[in-house]
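Labels for the chains are A, B, C, D, E and F, by order of writing; each one numbers its residues from 1.
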């Protein structure tokens, strides 16, 4: 693998702050970023990338290529949890398999943003509509996950309780969870206000963007590292899954990217979306709808393994694969 | 009404984020901006407009026009609660009438800031000293409200308890509440440090201003929408009051603006100050000094009706009236 | 003393906001900056000065002068608590004497930052490596303080309890406390990413720096003023100590600065480091390791006296001494 | 002062709205909520460091009559069984305004 | 362990200073405060989403002797009557440092 | 419902980890934590306005058996003696999921 890619990734301040956060936990520093400060950063990042994506989309307009990419995004977001589920069922019950499958079918916005920042270091272009792909890929896996539980879960519940389940609540949780809502809303506002709005908000949404991302990744490094001890209860099957599944999903994504012919930068973002796993929206939805599954499994896999793997190794690795495959 | 004015207002990112916040509650998204993050935004906005106003005041100096405007501001802030009180007394007891009257006599800083941002979109000038008017209009209504209670409230309290009432505490609450204090303090610092200070702080107080305002209005949209169900208990009299009173106050303000001959931009800001209602400083003061009044009445009127009305309809409407009246 | 220096210091927005914060408490305004917002500002400031220091260090490279300065820093940080201890022992028991000595041996980052901002107003240069001095001076006093307690404290504990004491925990607390860790980490990241990283993060780490500092000092003014009543229990000996010791330490620092021949700007920063006292890292460490000492003593001395004294009087005073001594 | 029952419920924050509905159905005169508490139980450690309530706990306390308490406990039990958490009842006296 | 009374007071945050004064006057050895709690009572819902404490509740708990408790309850009652809130008393045992 | 002991511990936040260790050693089935509470006691006022936990309190509550309670109290006492704080025990009933 091209070592300059790894270096470009690692010598990026946000990634270094991620390391610093992990280190803080490993050496038991009492560094702390108390709640709800990290929430401020994550809301800011969603608003900022949404607004920027919307503005760029307004500038570029819609074309068949964009539509094709977005369809591919929905396709992958629905397919990944299905095959993941059957792989996971080998070792797990239907509840945990479905919850983990949903986790990996969905995406991590901050991994996406870190990949954008990596592209910027390399001076490779990517397009605003990829933010729409990001938004579209967050929810389908939740629905797929719940459908899988409904089909394969041998419900321990009595019939009376089962009737309490409400699809409307599930769909709301899936499509209107805070991060999807803010992201889509910001995209729309970016489209509506165009260049004028962009000019006004640009010092906020762009100027302090990388600094805030660095701060947030510092926190995420701590959050991820804190969960690493939970991995001991996870078992080697799931540990392997948390590393190899993302890579497989990324390669699958890159193949599709090649087929539909999208640019290098967009292909990397697409690969990263396929490879990343959700540790916020999906866990919240699963905690409510599949309480039988163990949150510390799906949260710690996504957060303590897949997330750092993607940030540190995955992003340059997928870029390398893209170059090898000649996109 | 001039539809391009409405459009200019609505296609302003901060206003769109306000809509987005309201929508989040209506569709029951789990989007959340947890306390105390909104406090950060509101403190920031007060510091930033205060500092900017002070700097501009230092640049322009004081003239008779400014003094006249500030006197008009204090006049309106003292008069509005008086006539509001007698209108409200038709249907309410003295406690609630006084508390609501005080609420509408005082102002909402974020409505003022949104009007400033609307003027900026239209490229209409306004002056730094209007921030001083804002500061001066926050407190008098609190004092007027309490005086009205003292006169008209048939006190249920025993004489012994009555003696506990302390004017010094009331005046402190009125003139030294956090928002007035920070605003006035920032104006003074802006005056003292002038161009040098402005240059140093400008990326903070100006650069990220509209972004932070957008973020804050996103939250305020959620806060306002959350209180809309409380309106069902409010009754049609108070609902009508929450819409028509602001318009009447604004027209009254515009007439005064015409008499004293201030510019279009300043007239809009003055009208907005007259029209807006307080949902923070005054409720806090009323909760302490008039505990007999029902907070959910005055808070939900100011927050769920008057505030969104002013942000969405009021600001362009008052501008239209100003144009029609030929200011 | 040169009155223009005092004026330059006082007409600096951050210092004025510090006054404003103190005033808020004195007049009993209900202004409030709720936790954890101040933590956001303090983390930001550490990250920003660390990153900037690291970048400047990478640009300038290492030279013997730098090494000498850093050695002097460690020397002063170890020496100050020793002689402070023996002065304090005149009136206090070994526990309180050691805890206060450690407090004054260590440093206050925000005093350092305010001094940097003062230098900027005066257009006097200082170097990035002084941030490394800051980082190096935070911890040694903690270790010295604990050694002093071990030697001079007539332990009330039984032997069995004494064995619980763990040096590894103390050293971790000393060298890996959150502020040292974040500062050193940010310096290293600044060095590693150099000009490229600086360019990316500059709007964040530099653009909004003075505004955030102003905000933080507004809060610190409130925090300091809140502790002033605690001083009544402190006694005149400790009150005198909190003012004269910093001046003595600063003069001592300036003499050393003259001997090793560092520039005016760096000398001021060095003097301020010697003069300032820690109110966060050291109190935390002392609360854990010397629970016999009274936290309200060392916290209120450092926070309610030494900190405001340095911010308002100390910084221009030390500059004046530096000028008189012909550095 | 009046003899009353003090009911305390700790469960996943996401279930808070459901718990409040149960309280209101039982007709209690009020309740007090502390959000974002953490803890440990059979479902593992709860850390409040993700920007979501999904993985924190909520604490609700309500003063009620003995009759309301019985109704409450019966209604809360299935929620706790499904989503985890505890319900604690003790004796107290109170004055309300 | 010593038999004591546990007094819990929940009221509007603005009244917290007044409650603490009452506690200090009663001579309690200490108290613990949880700020910004929310809830529902006769005065309606309390939501912590405005940048002010005016509309949140404060929670104070104090361990005291039975005698102090009587004095406390008597002094707190008019505050609760005027500004709302509740005062809960229960039996407990404690050890202090 | 099961008769249980409710143990509440309030101490300096820095000692929280040590308290949790003691709870785990006593084998309790769980506990609930409220961070950054404030208060007053023999060691003076605790204000939560510095960016550090060093000077705030932590609150821990655990439902346990009487036997565990005895073990707990014995183990907690020296910590409270050294670092300050209080430990409160009361009777309760509970249902866990």
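Throughout what follows, a contact is a pair of C-beta atoms (placed from the backbone, for glycine too) under 8 Å apart; a residue touches a chain by one contact, two chains touch by 3 or more.
It should be emphasised that the depicted structure is a prediction, and the values quoted were computed from it without experimental measurement.
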Taking a step as a move to a touching chain, how many steps at least join subunit B to subunit F? 2
Contact counts by the stated rule: is the higher one at C-F or B-C? B-C
Given over half shared residue numbers means same and under half means different, the subunit D/subunit E interface is different
Chain centre separation in whole Å, for subunit E relative to subunit C (CA means): 38
Could you grab the centroid distance between subunit D and subunit F? Build each centroid from C-alpha atoms only and quote it in angstrom. 20
Centre-of-Cα separation between subunit E and subunit B, whole angstrom: 34
For subunit B, which residues are shared contacts with two or more other chains? 32, 35-36, 39-40, 43, 178, 203, 207-208, 284
Multi-chain contacts only, two chains or more: what residues does subunit D have there? 34, 53, 82-84, 90-91
Taking the touch rule as given, give the residues of subunit D at its contact with subunit E in the complex, in rising order. 1, 4, 6, 20, 29-35, 63, 90-97
Can you list the subunit D residues touching subunit A in their complex? 12, 14, 36, 43-45, 47-55, 78, 82-84
Touching residues (chain side subunit F, partner subunit E) in the complex: 10, 34, 37-42, 57, 59, 73, 76-77, 80-91
Parts of subunit A lying in touch with subunit C, wherever the complex brings them together: 11-13, 16-17, 20, 23-24, 27-37, 40, 121, 203, 207-212, 214-215, 218
Mind listing the subunit A positions that touch subunit D in their complex? 35-36, 38-39, 42-43, 161, 219, 222-223, 226, 230, 279-281, 283-284, 287-288, 291, 294-296, 299
